[in-house]
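Consider the two complexes below, in which chain A is the common component and chain B and chain C are the respective partners.
This part shows the complex of A and B:
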């Protein structure tokens, strides 16, 4: 398999006063044109993996891997210029809480336009037109209003849709979604996920969804990788999560609240 | 979203009410300021009458002067009389200069305004970029250098810095002009319009006067600017470090934006909001008249005037200066409120 994300032996350690702390301890997986979930409890290292792929960890983090490539691009070895084209252009990232992940002093429209202009090499008018289309594509009923709005003027679900529009703007081939719905109301979670799912399929993107919500995994994903203490302890089809063998996965599943 | 007439009316009424509240609080602040300064001026053990008549005057002269100055009246009447004068725009006479206090302030305050504005400009234009660079290079050598330099700039007394600067750049190297606002030769040549010598001389096209004035203001402005630069740079650094750790910065980087855009557009755009207060406060402190710097550089500003008046028990002048400083602070507060709204959509 050559297409998509290939990771082998990924290790991340953070500097601390008491020496290096290993957050990710040898992780291997691939993501092609499929929907893969990375599940695990808080502190298991799943978000660190997501950020390490885009080299967006703080300077105190040290990343090493036997292999970390995307469509043949060496994500660890390439220079910052190349990496910048990968970020947003090839691999997009959706963060948990739109209230914090959108710049509060910039209109939503400008932030989407910025994505286009960073990658598309297109003019302002064209970028604006495409941004409005993108807002319509994430099922925002009044794109003009949301375009001109500041993040605090939007609801959580609306903000997360705007964020999806912003991240998908430059047409990435892989989407990393870090807890994309856990900051949202239960009532809007489903609609945001449905939009995400629809767009991932429409654009033929790969999706790496980082979550602790096992119900979400079972409904939306093809495969699940279970992480614990910096390692992947089990990889299995998402539909088989309930019949998992590994005691940790079983414990995780047993801990999920039922609605 | 449609705005009904009713909503428009309610918004207009709300704006009117907040305007009235604002005017009321401004008036109350100034009244309180006057009250406190007035009574402090009356209870401190100085005798303004003696300052006028001298200590060799006869008892009759003393009593006559005391009556003429209105000091035989009860304290509360004295205050009301003074307040009435202020409302009519009469701040009384300065004993020291023998001119109306308002005219004195009109002459001295522009010099301070000019100096403080230039120093603040230096502070912002150099301090903000330094703070940003220190935050971005946090923990590495640019950060260490900037932190040490700004700590020095912040803690070295300005009068000392002023004297060293004069010694070095004026007395030894002869790069700049010495104390004073302008060379004696040009004194009084520019027609006072705004009171700022730089602007007045430029308006009149008197470029030799302008050059001399610029030569004179450079050193004191740099000395004062160093202090405000150090303060602004340190605050910028800490605000920036906070902002650079925010999620939206991560999201901006994940979009593939250049680091320059992430730092200077996204993070600095948010840092600018708390920075407004910092700049306004440091500007206000300089406008109060930086007494020591004005003394070292023989700068005829409000600080020097206020100090002289205080030392000579010239209470009308002191009160007048107090009102000016109070109004300046209130004005700066309003201005920073306005800027806040401009910079932060959440505050609108």
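This part shows the complex of A and C:
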């Protein structure tokens, strides 16, 4: 069978005082060696899908699916020990705000080294060398300084790149990126995207981008899945967003102010 | 008419003086909308906050209709300049109802007929009377920003300062709020100064805009010049390029040139 992520009939409901609230209501899609975007507005369920894949939802969430596999691994059925190897190792996740994802009392370098040692099984000296290389790879000009810095000493763009370096150090085959660039300035945004792009093109990584930015999707991704109220209302080639058929996709695209 | 001349602002951080705004000048005619665009740290919000009277220590000249605005301002001067903040979740008091939030500026300025004015202000931003009794946590992001706009307009100011008024909102809600701001300006001949990092938003609302970088204005041009890409500086051109979307060929060529490997 094909490799990559396969999801069919994914449903997520949260417990609440008034009974279960359905956040994701039967979602099917696959991600191969490509750039796929999950697009939608707040509350559409797009971030819940991203977290459900790694079972990173709070205990009040109930996940069910007809099928949710990655390279044949049953993501829903496997035990927590196996899941810990998948998380970070096979499937990485980067979030919108680096300040919440990096450990504030640990230097950036130590966090990347830890990621190498945990997932790569290599020694300290080698891990340190690779961490510095990885910081250079995410276009950080002075890797030695950033290696020794604490997260609060970095700007938003640098922090985001440091977090990406940490996630990529584990060498994931699939990266889930939840609004990876919306906290960044436009000029930095595109160099971060170029890093992800290169990993897809040169190393065959799969990329699932969760975003509300249709302009980014149209120019960066291969396919777009448009979500609304827990469902995928339209799936189409990203370059065809401007000619979408579904009225919701059309309205969303028309609403974005452009130059 | 609002005129800013040679405005400089510096902050003191741990014994060092950090210049945030360096010699910024621009003029906005009455009834016009002027945009300040730039990336984080460019000083655009500091310019806006200084005009609003929220920063005490600055050099230069700020004039409204020929009258200089000092660091200390009287009530009439404060009334004609109102501000809408970026975060509709943080700028409304969580334990005050919408009516109480809207009554506060009226009370401070000793304005009568409060009930009538509150209803009118809500109607202007497309909210009906029932919203008077709601708390912020009972409102959506768009509704909160409408309340913040109503609060700014309830004193009938001549100038409204807008600090990223839609960046916390979804695109469809953003479009509604931008339409609302545009309509209110035309109906009341308001003067706007809008700060945003989003060129699309600035071009949608403003006729003229200044690009800021490192505390300085790099370039001032009309919105239509920005639309056509007819700008003079490389920095402004770069901003336009970036906001048009990702360019795979250009970026991959840069990556290849840098000769950096990723594994």
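Quick notes on this structure:
In this text, the second predicted complex is superposed on the first by the 257 of 259 C-alpha atoms of A that agree within 3 Å, B and C clash if a C-alpha of one lies under 4 Å from a C-alpha of the other, contacts with A are read in each partner's own complex, and residues count from 1 in each chain.
Rule of thumb we're sticking to: contacts are C-beta pairs under 8 Å (C-beta built on N, C-alpha and C of every residue); 3 or more make two chains touch, one makes a residue touch a chain.
Source: prediction; values computed, not measured.
In the superposition on chain A, A:148 makes contact with neither chain B nor chain C.
Of the two partner chains placed by superposition, only chain B is touched by A:170; chain C is not.
Comparing the two complexes, no residue of chain A contacts chain B in one case and chain C in the other. Per the touch definition, chain B reaches chain A in the complex via residues 1, 246-248, 250-259, 261, 266, 269-270, 273, 343-346.
Note for the complex: chain A touches chain B at residues 51, 54, 56, 80, 84-89, 92-93, 95-97, 100-106, 114-115, 118-119, 145, 150, 152-153, 163, 166-167, 170. If you check the complex, the residues on chain A that touch chain C are 41-42, 133-134, 136-137, 139, 155-156, 168, 171, 185-187, 189-191, 193-195, 197-199, 201-203, 212, 214-216, 218-220, 251-252, 255-259.
Residues 39-40, 141, 170-172, 174-175, 178, 197-201, 203-204, 226-227, 238-240, 242-248, 251-252, 254-255, 258, 260-263 of chain C are the ones touching chain A in the complex.
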